[in-house]
Amino acid sequence: MFVLVNCKTYPCDAVEVAEAAAAVDETTDARVAIAPQAAQLAAVADTGVETWAQHVDPIDYGSNTGHTLAETVADAGAVGTLINHSEHRLKLADIDGSVQAAERADLETVVCANNPAQIASAAALGPDAVAVEPPELIGTGTPVSQADPDIVEDAVAAAAAVDEEVSVLCGAGISTGEDVVAAGELGAEGVLLASGVAKADDPKAALEDLVAPL
Amino acid sequence: MFVLVNCKTYPCDAVEVAEAAAAVDETTDARVAIAPQAAQLAAVADTGVETWAQHVDPIDYGSNTGHTLAETVADAGAVGTLINHSEHRLKLADIDGSVQAAERADLETVVCANNPAQIASAAALGPDAVAVEPPELIGTGTPVSQADPDIVEDAVAAAAAVDEEVSVLCGAGISTGEDVVAAGELGAEGVLLASGVAKADDPKAALEDLVAPL
Amino acid sequence: MFVLVNCKTYPCDAVEVAEAAAAVDETTDARVAIAPQAAQLAAVADTGVETWAQHVDPIDYGSNTGHTLAETVADAGAVGTLINHSEHRLKLADIDGSVQAAERADLETVVCANNPAQIASAAALGPDAVAVEPPELIGTGTPVSQADPDIVEDAVAAAAAVDEEVSVLCGAGISTGEDVVAAGELGAEGVLLASGVAKADDPKAALEDLVAPL
Amino acid sequence: MFVLVNCKTYPCDAVEVAEAAAAVDETTDARVAIAPQAAQLAAVADTGVETWAQHVDPIDYGSNTGHTLAETVADAGAVGTLINHSEHRLKLADIDGSVQAAERADLETVVCANNPAQIASAAALGPDAVAVEPPELIGTGTPVSQADPDIVEDAVAAAAAVDEEVSVLCGAGISTGEDVVAAGELGAEGVLLASGVAKADDPKAALEDLVAPL
């Protein structure tokens, strides 16, 4: 399973979370990665943890101010990027452009979406993976795998119908190892997490609990 | 073939274009429709022509100011709507919401997109049709069916691979009956037009030329 | 006092509200106007009531799809327009462009904003009026003139400091004649209303109550 | 004079530009600063040069993905930020929010705008400075101080009329020391530069030429 921890703009110490993740990653078959803010990418990558960007813009080198260039986040140490997170929705044409920009910079891509129809839509753009996160469950502490298992299975089926190469992650409300196992049983190949780890008093203990049953 | 004339915000007399379209529609097997601005929908529908909206928002009845509600454009006489036109790009989640809003109001839907990958993506959201319009050809007078026939065939194949029920229109640079025939031969079931008719000195003659070979 | 009723996308009969407003307008010194959706402008204007648009885009005649052109809403009977309503926030450069577009089409302009600093900012763009609507009070039924009288006085002072020609309306929570009087005493030359009239069981009675103390 | 070099997403070596700027800054009364991409802030700040962000979002700590938090760019070493650059236009309410976010994090603020009316509007939000950049001159190599000196003088007057504490920078087409001197004579207290330095074969020589006449 792929466990991707989104640090958002939480008041957490991203390097501390990264060090915890790097340590836990060595103890498990799961693959653990951290997505900090752009300005923290280099410091997080220096810990040796697998580092992801939270977003890249559908742009190339050139006259763009205040945007996130795929090549620059790759240079800072990122190996993948979220695209179209529910807190950063993009136009369809720009998701396409961001996936292409990320591929140009050799970044792995996870495109987020709300429901199985949008998951199919996202999968059609050829990312490495899609992530289904029902907006009504985000931040609730109720895992999607429990609150609405059908949506995960439907998302897995929807993505496969469009492109069998595209794997599916699930997010929203995941906070325990049981949730991660349940997500895997529904066909997800990974999970998106945020507050459960990044805002935990002890991020390392939180991650250890998460990967323990894997 | 479906011939949909987008009047944009051109300085044309939308009612005159509508009357021309209504007259020509009676003389041909082609299906001719007009998409005026929202404030002109009722006057255009009064001519008897098939009337389309240029856009609907992903909203329901409620607290929305300056937005376009599907039910209101239907009440004004529209029977269909464009969504995600290249001059009005939407977020993926909002294309999904607009398609659902339109269906709720019994409006037929055409979702526009730039290229075959985005066409597949749009088709996955379940509209009645998708329209491929390469941005670099819009307004050039060079028809996509001639400048880039592969893109039309690829769009037809991409949509069919996702959902065989979704038909494909093509746009960008269409201005003659020959272009419409060529589009049909490439698998398109209709065309999107704008300046070729709406800005013609004689919209009726322009439409007659367009449908003559059909 | 100017009493401007925003019908939003409420499930109300905009023509019925307009007829009520036209009737009440004849009985009072207050100036009563109605802002329906774009597709309803012509039908509302036909009632003889003063008719406003809810929004115009920062565009001119040309290649724009699904946008609201100032000239077209004026042709449909509008004499003014809201700009930058809290449900339709615009970029600063686009507020400037929308004010200019509206002036080009001889539409009166009211630019909305959240707080005194933004009111000064809006006033600097030269509209006819600005409207202060604290977002936290919208739809609460608690009038801004009562919940936060300072914000209205500060908005009046902020606008005057930038341009004495720009008048100030206030909105958010206004529903009684008393609220309108209180707004006037704080320096506002008008009020923005929505649900209190547009969603009333008897819009005419609601408007009569509103203007009774004026 | 304040000389702020915006590195945009140019294919330049931001650290090399920063080292050049740090060296030149020591030789001149002018104040030289560099604005790299967010992911490069820490590396640029490590050179000792005054470091600026290209943008901050109108957000606080919390659930925001792919956004730029003022506190995080400050932690990475930035001491100021551009806001509302012409390549990153914001809603009026969001410019207000970004200025407040920047102030909360002790970042100096420069709000960009197109013309004197928008400059007054930006000044009303209380930033430290505003920057006038006529979009039609950006990237032309023709300095605004030469192509349209009135716009600089009008911007200086417009800002002063709203708030005398707000200083004015000018941008667009600045590339020589003469342009900087001319900007100062028109009342500007600084200049925004980009390609003239960041894309120069020898950024240090380019900066030395720029500050030589100061």
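Going in written order, the chains are labelled A, B, C and D, and every chain counts its residues from 1.
The rule is short, and it goes like this: contacts are C-beta pairs under 8 Å (C-beta built on N, C-alpha and C of every residue); 3 or more make two chains touch, one makes a residue touch a chain.
Not measured: the values here are computed from a predicted model.
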Where chain A and chain D overlap in contact partners, by chain label: none
Same or different contact residues where chain D meets its copy chain C, judged by the half mark: same
Chain whose Cα centroid lies at the greatest distance from that of chain C: A
Whole-Å gap between the CA centroids of chain B and chain C: 33
Euclidean distance of C-alpha centroids - chain C vs chain D, Å: 36
Centre-to-centre distance between chain D and chain B (centres being mean Cα positions), rounded to whole Å: 43
Multi-chain contact sites of chain C, meaning residues that touch two or more partners: none
Touching pairs among all chains present in the structure: A-B, A-D, B-C, C-D
Contact set on chain B toward chain A in their complex: 84, 89-96, 113-115, 117-118, 120-126, 158, 161-162
In the complex with chain A, residue positions of chain D that touch it: 6, 8-11, 37-43, 53-55, 59-69, 72-73, 75-76, 82, 85-88, 138-139, 194-195
